[in-house]
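In the two complexes that follow, chain A is the common piece, with chain B as its partner first and chain C second.
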Partner chain A sequence: MASVDLALATISFKRKIAYKTTWLFSVLFGGWSLLAGLAVWSTLIGDGELGGYDWQAMKAYLIIGFLTSTLAWAGSDWEMANRILDGLVAIDLTKPVDFQRARAGEYIGGMVASLPAAALGTAAAVLAFRPAGPDSALAAVLTAVSVLFIFPLAFGINYLSVLNCFVTQRYLGIQWARDTMLAFFSGMMVPLALMPVWLQGVAWALPFVHFTTTPASIYLGRVDTAGALGLLAAQAAWSVGLWVVGRLIWSQLVKKVTVHGG
Partner chain B sequence: MPILEARSLTKTFRRPDKASGFKGAVKHLVQRKYKNYTAVDGIDLSIEPGESVAYVGPNGAGKSTTVKLLTGILRPSEGTVRVMGRDPHTERIANAHDIGVLFGQRTQLWWDLPVEESLKLLKHMYGVSDADYQARIAKFDELLDLGEFMPALARTLSLGQRMRADLACALIHAPKMVYLDEPTIGLDISVKDRLRAFLRELVDDGTTLLLTSHDLADIEEVCERIVVIDKGAIAYDGPIQQLKAHYITTKAVHLILEGPADVPALAGKFPDYEWAAGESPSEVVVTYESNRFTTAEVLGGLTSQLAPRDLSLSEPSIEDVIRRLYAGELTK
Partner chain C sequence: MADPTRALTARHVGGVYGRSLLAQIRAITEYPADFWVMASAGVMWNVLQFAFLTVLFAAVPDVAGWRYHEMLMLSGLLTVAAGSTALLCDGIWSTGTYVLKGEIDYRITRPAPVVVQVATSHIGMQGFGETAFGLVMVVYGWIGAGLGLAAVPAGLLGVACAVVIECALITMLCAVTFWIKGNNSIFAFVMLDLQHNAMTLPLALFPAAVKIVTMFVLPVAFVNFVPVAVLTGHLGPWWLIGTPLAAVASVLAALGVYRLGLRSYDSSGH
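What follows is the complex of A and B.
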């Protein structure tokens, strides 16, 4: 990572941890969601299994969901959006840095700030609930790689949704739509295995699935090694694809940037 | 060779054409109409290296839009801009290395971090060496008292401190061309004075400056050339002194007489001058054309015949001239 990217990521990290109460609240809220999910699925599964998940596997799935959702929603998409809506993007355009790379540095820096909370929460949940372990040592390593892909994927999706602000001049609706799609098609809300087959097909055609279903499937051995590598390749392809699409859209939008007022 | 050259620079925006009220809002939802609005209309502008140019005009005249076109933020609808030979929009990153920009109404500080962090990040962005960074920070501290609030969070700064910090951010990489859009807006007199002194020093060091401001003291103290823009087009472009010499053709003497001033009688007695009542009953204001009469001759005549208790001289300010330019009373 070049020094400017690192400097932007560091600044974003520092800004995120500057608001300690907000940070603490997000950890507590994430923890509460995990506990609620565990209670609901414990009742639903009982001693049996649902969609191929027994209680041990479901606990692992929910904890991976907690980890991935904490990371996925840790970036500063609202800040990016507000800079466009308030016209502060004018300042960004006077800086000698690539706009998309700079936003990526800031966004990923913000995500990194949530890593301690995500790691602590995950470790606490593992110790408290003793979920199923990884299918193999290799599965554990590939799961970790898969979780790392959440960084570029989250940036790509959030950046594309934020770019809409240049056209819509509003962000709230876009954010709601994106977050709903993410929660649903990633499998954070309900595992994909419990959805109709056609809906699973739709989910696998979208990038959201790689936030929770992909790392959880690799961890629990629901795909073999070749399948796991294929999923990682899909994550990499989506990361690159979203980056390229972001570039193409920006190259058109920058011609139409409008910043009124002094 | 000019450092900045704009030819037929035009920017047109599309604005929603929406009737007021609920009906208008619903109608616009189903039948969208837009109107084109030309903010900058065919501007030709050429700035030589080291020049300090004031770019002034009434609200909505197109000043800030021009600055955004010249800095590469906006893409011109028509016309061309070259800054140091580059198109600032298509070669934005290369251009950004050589320019400094301050928008008085928008901060470039990271709001929730100390000022020092913002400056260090900009150091990285512009690739400023450690030695240059330290030297410039020391200079900013000397001229702008930056040190006192370097560790403070940007959101805790007063407006004057924020503007000084923003100025340091705009200049940390020693840009060749600097655009300052309303740098003294909302500041108190002492901070304004300090900023103006700093800008004069900047100009003396050879930096090219384009300054927009509604505060004409900024302009008179910092700039040599003035470009007046109105309704997106240039109404005047030339040296400030020339503008004053060309348009300031009258002077005034304020006389305090021993008793109440009889203005009509005085006007009858001195028909070559214009007479008006002053702020008190004994005060009278005599306006004369400075190209017809010398001040000595006017004062000699008035003092010998009226024996005033006190007197003072005044001439119209550049502000009066510009106000008349805006109002269309004066032409190029």
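What follows is the complex of A and C.
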């Protein structure tokens, strides 16, 4: 990583925590959806199981989903979007820094700012709800690697959604749509195992599935070691693929930039 | 006898609101691609919520006594309310940014309420898709749940109050950025998150504290849960009285908090 990437990430991190009260409340409120999910699934599963998940496994599944979604939704996507909507992107074009790479640095910096929320929330949830443990020590390690892939994957998906701002006037609706797709196809709203086969096929063909289903499947031993390594390879491939697609789309959309009507 | 000054003021405010919103609508017609992208984005949540409920009810017969079509109505009414806020007061989300940049300054000097000017500074085109598909979900759920035409007046009251409560609560929580500064209105986001996570499900699933908060502290339950529960017989009919009361209380609270926020506003750089 070049020093400029680190500098941009650091600035983004500091910007996130500059408004301390807002940041503190975002930490405190981050666990709400986890609590809602736990309340719902405890009622639905009871003493039985759904989709191969008993209550202990479902608790682990939801806590992993909380961890990954807290990280994924904490980047600087609004800052990226506002640069395009406000026209500041025109100034970025004059800078000797690659736009996508600079935004990646900022985005990752923003995600790092969410680490305390993610770590504290996850630790508190584990202590309070006592979920199932990892299937093995190797599964725990591979789960950690899978969670690390959330960083490039989250940037890739957010960057592609932000590029929509070249043809729209607002970002809020795009954000809701993307977050909903992520919540549904990642398996956060309802595990893929409960979906019909064709819908599972759709979900596995999209990158969102690697935000919850992949790390949770590895952690709970629903895939063997070879399967886990295959899922990690898929995460790596999506990380690269999203980066390349983002670059291709950028090269076309940037032609829409006009400065004072010129 | 009516006070002519108040009537004129109300007409003036209504006129400013209407003309500002009309200007936004005229502006968006200049960007058809923008409209279709955003309207499609608005439909996305509904489609996936539809899919979620369909998948869920393929595995379980009911959730805390609520059946598939009843829960469709629950999600649909929430979406109609949330989508309407995007159409009626989407600009209110920019309060935090305006406060940070000192852009409230010149709005204070103009002869119209600041909250109206800010609320109409944008229009969220995703609201068209959200509202339209939300209504489809409500009607589909309504028919599937076996509700007849006799319940339509109560349903219309529920929809009207849902829109008012949602707009008012989002305005109130966005006004928090006058004190807790930041570009993003984190409190309003949290409320929407709470609604999308919890208020699309029966309240019986949650602890008593959640029921108390969502009914009597931040009355989001009156947006969709209470009206649908009354219509489908999960709550007694007298609960419906609470819906317009919650709407009035929410509007008063929103205007009060926004006014207090403006009093504490000290422009940028101070």
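The rule is short, and it goes like this: the second predicted complex is superposed on the first by the 258 of 262 C-alpha atoms of A that agree within 3 Å, B and C clash if a C-alpha of one lies under 4 Å from a C-alpha of the other, contacts with A are read in each partner's own complex, and residues count from 1 in each chain.
The criterion applied here is as follows: a contact is a pair of C-beta atoms (placed from the backbone, for glycine too) under 8 Å apart; a residue touches a chain by one contact, two chains touch by 3 or more.
What you see is a predicted model, and the numbers here were worked out from it, not measured in a lab.
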(message) One more residue to check, A:130. First (chain B), second (chain C), both or neither?
(response) neither
(message) Can you tell me whether chain B or chain C touches more residues on chain A?
(response) C
(request) Classify the contacts of A:39 with the two partner chains as first (chain B alone), second (chain C alone), both, or neither. (result) second
(request) In the overlay, answer first, second, both or neither for which of chain B and chain C A:177 touches. (result) second
(request) Figure out whether A:87 sits in contact with chain B (first) or chain C (second), or with both, or with neither. (result) first
(request) For A:7, select first, second, both or neither according to whether it touches chain B, chain C, the two together, or no partner. (result) first
(message) Just checking: does A:255 make contact with chain B only, chain C only, both, or neither of them? Give me first, second, both or neither.
(response) first
(message) Looking at A:95, would you say it contacts chain B, chain C, both, or neither? Reply first, second, both or neither.
(response) first
(message) Output the chain A positions appearing in both contact lists, the one against chain B and the one against chain C.
(response) 19
(request) Please name which positions on chain B make contact with chain A in the complex. (result) 13, 63-64, 68, 71-75, 92-94, 96-97, 99, 101, 103-108, 110, 112-113, 117, 120-122, 124-126, 181-182, 185
(message) With touch defined as at the start, can you tell me which chain A residues reach chain B in the complex?
(response) 3-4, 7-8, 11, 14-15, 18-19, 87-88, 90-91, 93-98, 254-262
(message) For the complex, give me every residue of chain C touching chain A.
(response) 28, 31, 33-34, 37-38, 40-42, 44-45, 48-49, 51-52, 55-56, 58-60, 63-64, 86, 90, 93, 122, 124-127, 180-184, 186-187, 190, 193-194, 197-198, 201, 205-207
(message) Looking at the complex, which residues from chain A come into contact with chain C?
(response) 19, 21-22, 25-26, 29, 32-33, 36-37, 39-40, 43-44, 50-51, 78, 82, 164, 167-170, 172-174, 176-177, 180-181, 183-184, 189-190, 194-196, 199
